[in-house]
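Every chain is named by a letter (A, B, C, D, E and F) in the order it is written, and numbering of its residues begins at 1.
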Amino acid sequence: MTSSISRFPVPETLDSLPDDIRDAILAVQEKAGFVPNVFLMLAQRPTEFRAFFAYHDALMERESDTLTKAEKEMIVVATSARNHCLYCVVAHGALVRIYSKDPLLADQVAINHRTAPISERHRVMLDFAIYCSIEVGELNDEWEARLIEVGFTREDIWDIGAVAAFFGLSNRLVNLTGTPPNAEFYLMGRVPRGK
Amino acid sequence: MTSSISRFPVPETLDSLPDDIRDAILAVQEKAGFVPNVFLMLAQRPTEFRAFFAYHDALMERESDTLTKAEKEMIVVATSARNHCLYCVVAHGALVRIYSKDPLLADQVAINHRTAPISERHRVMLDFAIYCSIEVGELNDEWEARLIEVGFTREDIWDIGAVAAFFGLSNRLVNLTGTPPNAEFYLMGRVPRGK
Amino acid sequence: MTSSISRFPVPETLDSLPDDIRDAILAVQEKAGFVPNVFLMLAQRPTEFRAFFAYHDALMERESDTLTKAEKEMIVVATSARNHCLYCVVAHGALVRIYSKDPLLADQVAINHRTAPISERHRVMLDFAIYCSIEVGELNDEWEARLIEVGFTREDIWDIGAVAAFFGLSNRLVNLTGTPPNAEFYLMGRVPRGK
Amino acid sequence: MTSSISRFPVPETLDSLPDDIRDAILAVQEKAGFVPNVFLMLAQRPTEFRAFFAYHDALMERESDTLTKAEKEMIVVATSARNHCLYCVVAHGALVRIYSKDPLLADQVAINHRTAPISERHRVMLDFAIYCSIEVGELNDEWEARLIEVGFTREDIWDIGAVAAFFGLSNRLVNLTGTPPNAEFYLMGRVPRGK
Amino acid sequence: MTSSISRFPVPETLDSLPDDIRDAILAVQEKAGFVPNVFLMLAQRPTEFRAFFAYHDALMERESDTLTKAEKEMIVVATSARNHCLYCVVAHGALVRIYSKDPLLADQVAINHRTAPISERHRVMLDFAIYCSIEVGELNDEWEARLIEVGFTREDIWDIGAVAAFFGLSNRLVNLTGTPPNAEFYLMGRVPRGK
Amino acid sequence: MTSSISRFPVPETLDSLPDDIRDAILAVQEKAGFVPNVFLMLAQRPTEFRAFFAYHDALMERESDTLTKAEKEMIVVATSARNHCLYCVVAHGALVRIYSKDPLLADQVAINHRTAPISERHRVMLDFAIYCSIEVGELNDEWEARLIEVGFTREDIWDIGAVAAFFGLSNRLVNLTGTPPNAEFYLMGRVPRGK
């Protein structure tokens, strides 16, 4: 109903923010060319801002055993679509396209990973991520065996479950605050560079 | 798991098809620049092909009282996303963008129309379409009053419900056959013409 | 709340209708002894009427590989009951009784096909039809193998899924319009002829 | 998968049963002309048999404040259909037809009481019964007010909830034992007496 | 919203009750040290009171083939938690603790039997009880085989299903009347005797 | 199936841990008298450990406008029970009892807050928390008005939603790792001090 950034207060200027948070925002702005709205939405709560991004980076920038950056983003998109979180589907859909170099994959995973042209590894990975995220399912011997059979290690399994869990938190904050994705995300990775 | 057009046979050449079906396919190809995969998926069943597109056109090309082409396509996208039908979300998402001239609207409606920056008219329209499509709900006095209050006529209400119902059929055929959207649809309407 | 035929306009006399639609209605009246209410409900929309019955006949009058008329009607009844569509359960329940010559089968399939005294072929057929209709599930290798194992061909599988999909559309139109089944349907096929 | 009376043992002859149970069975047989299958299903457990029918009679033969016998049977049919219990839908559907003298009401209530041509009193009554039975909902001030507004007393509300609760038990026993309704029930009350 | 015993009338004094009901209440009071609230809630309906407790005792005091008293109470707790019935979870949770001599088992089973440190026998037993209670599932060959494999007899299977069914009735009566568990139940079996 | 602390590695001794994590564990041990299992479960991932507890403290130790510590713990218990997370229900149930000084409240809220003897403020708070946690619902004007009407500020609303979101993450980690609550938590706050 609104195109603003949040139902809650956002900083009017960056000057009012603690230094580390302003620096973090300026850094992402320099890298992306714009400030993703979640940074501004969370900035009104500095302690939560710090913990959120520390957790985000711990999972998403972690060097996993075999789980790739593209796979992590596929998990985010598939679970966030089930949670009806537009921000995460659009922003992380851009990252799926960029990391996978496949301009169609994000939409395929968001709408129905069961009919998507993906590998068995990815099918099992997303089945498990949705089981963790949507059913709050317990890891058991059957799931562990299925995941290991398609090449994941036990630490990868933690990563899959933890990424699904963390973005479940993110999805809920976004729907609580009504934060929309920046317009820039929609087109990222859809058109070949250089065109 | 496959990038082919259907789990069922598709015509190898258009020459093998009945004249009217070949003509319909050539016509859409001339207009769109490519043959949408559902035309080929349905071509193996000429009688069903004719009925499907006759029904489609009866609803989608109908001059409704107040329901616009863009609104009809929004209904298709919102209900098809709930049914996890990638083909309809992507192909009709393109039409939402083209008719509404809004490059972001299709994704917003597909993932969560409740948080989308749309009018009350569109919110009620999509709530009702999802009620018809997903809950197979009955029209009752409350719904009729709500829909009329936001400007729809009684014939519009039929159109909303019938579009939701028809694309429910379409969604099921697509998931039965595993038919993917053509790659061309994904980008249509996202980039301003002339660029 | 009403015993009328539709919440929307129905023709007051057949004379006002296009010739082909009037002829279709007179033909079914001659055969059945009465005009089924869906014919009158749809008559206000001639183009949709023609497409609806063309599609209906394409599926239901098709000479399938092994799928019988009675089996098609069982699919209609089982899926329509899950969609809470009284018209289709009652009208097609009559056809189940007539085609199967079993006066109890329609009620058994409508309420719980899992406890019904039916063959494994019919159990798998109805499980799949409900999967297509209610879950909008995708055909996959497992389902295809199960269906072929109980004697269906691949074209039969299309027919099962398409019948489920088409009557999902029909169920939604009926609940949109509030069209009740004609009283005549309730008793058809329950009492042995000649009595 | 079977047309027998139960997956569990049933008495081969009535002679083997305790006197009071044999008498109860003979009494219902004299009245109905046949022995309803649940009597035989439960006869292997005499103590449970006695408690079940004592509870049944306490609720169904109770002189309620305003709740009629026909209304109680409507509650049984509507909730049992949601629980997919064929026995209760068919056997108590017969009683709905007999008590209400309406040959169509049972099927209407079983498939969709929301589209059935019933009074507001009956609509609210069945909404509440389904809320108790399917959602295990709690009685609260809103429900109490709605029910009293359509003419029920507080003791009637107990009766509605208790009938829904008791037949939920009955539905589960029937699906546990696979007990089918006797063929005689299907036609009872559908054809006018005297024919 | 209330700490009273029921939304419906309860006897002001025991003197007003029929002799057998007063005796039953006095007996449980002597044994437990207090009158469990369900006795008072049901006392306003003597015929239902008698049938309810007759059924309860028939199942719970029955000498089953292999199903123990502790196992029956585990079934009550697991299914009642799914039905959101505080009374049964707390009162029968006390019995789980007492019969099993395990002070933690009741909470584990109430919240998630899938992650509880229980045997395979108990896992399958509770899976089946929940299938009967929540899904109103039918007993079939697969379930029968699984249950027999972990050591249950066919009569035990009846007992498991019947206990789940009976407490489904109990859960619904409790939520209808708003009857809370007595405070005494919460702590029973949590602290070792003698302390 | 196991009484160990996690399906994943846990530190064999505290000596192997980074200083800050060892200190955090020793501090909680000193305060509680034992090390809560989640500390050990998360210790194998120090970066995630730090972010998790930083986020936890940011929300739970925050001085909210009107939301009390007891209320925050009620939110944790009600949502964690819906997610079938035994650890959070038991550990935070202890905190509900301690902060509220009500030994019965935690179980009441875990099993059914709708029938619990709580204030309207608490009823609306828990309805909203469950809406955020289980339905991933969006904050809208209706919810905001309802929450403000019972005394919450807009910042309180953020806190309610954020606590529900954070413990949704916690619930999923617990079910991923199979981490059980320490036995000590079960009895805390149930028995008056001094006894």
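Everything that follows uses one rule, which is that a residue touches a chain if its C-beta (ideal position, glycine included) is under 8 Å from a C-beta of that chain, and two chains touch if they have at least 3 such contacts.
Treat the numbers as computed from the prediction; the structure is a model and nothing was measured.
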Neighbouring chains common to chain A and chain F, by label: B, E
Turning angle required so that chain A lies on chain D, C-alpha fit (0 to 180°, nearest 5): 180
Chain C-chain E separation of Cα centroids, rounded to whole Å: 44
CA centroid of chain A to CA centroid of chain B, Å: 28
Where chain B and chain C are represented by their mean Cα positions, the distance between them in whole Å: 24
For chain A, residues contacting two or more additional chains: 84-85, 112, 114-115, 138, 175, 178
Contacting chain pairs - touch in the sense defined above: A-B, A-C, A-E, A-F, B-C, B-D, B-F, C-D, C-E, D-E, D-F, E-F
Of chain E, residues touching chain F in the complex: 1-3, 81, 84-86, 89-90, 103-104, 107-108, 110-112, 114-118, 123, 175, 178, 180, 183, 186-187, 190-191
Residues of chain B that touch chain F when the two form their complex: 112, 114-115
Residues of chain E that touch chain C when the two form their complex: 138, 140
Contact footprint of chain E on chain D as seen in their complex: 7-8, 45, 47-48, 50-52, 54-55, 57-59, 62, 83-85, 132-133, 136-139, 144, 154-155, 157-158, 161-162, 164-166, 168-169, 171-173, 175-178
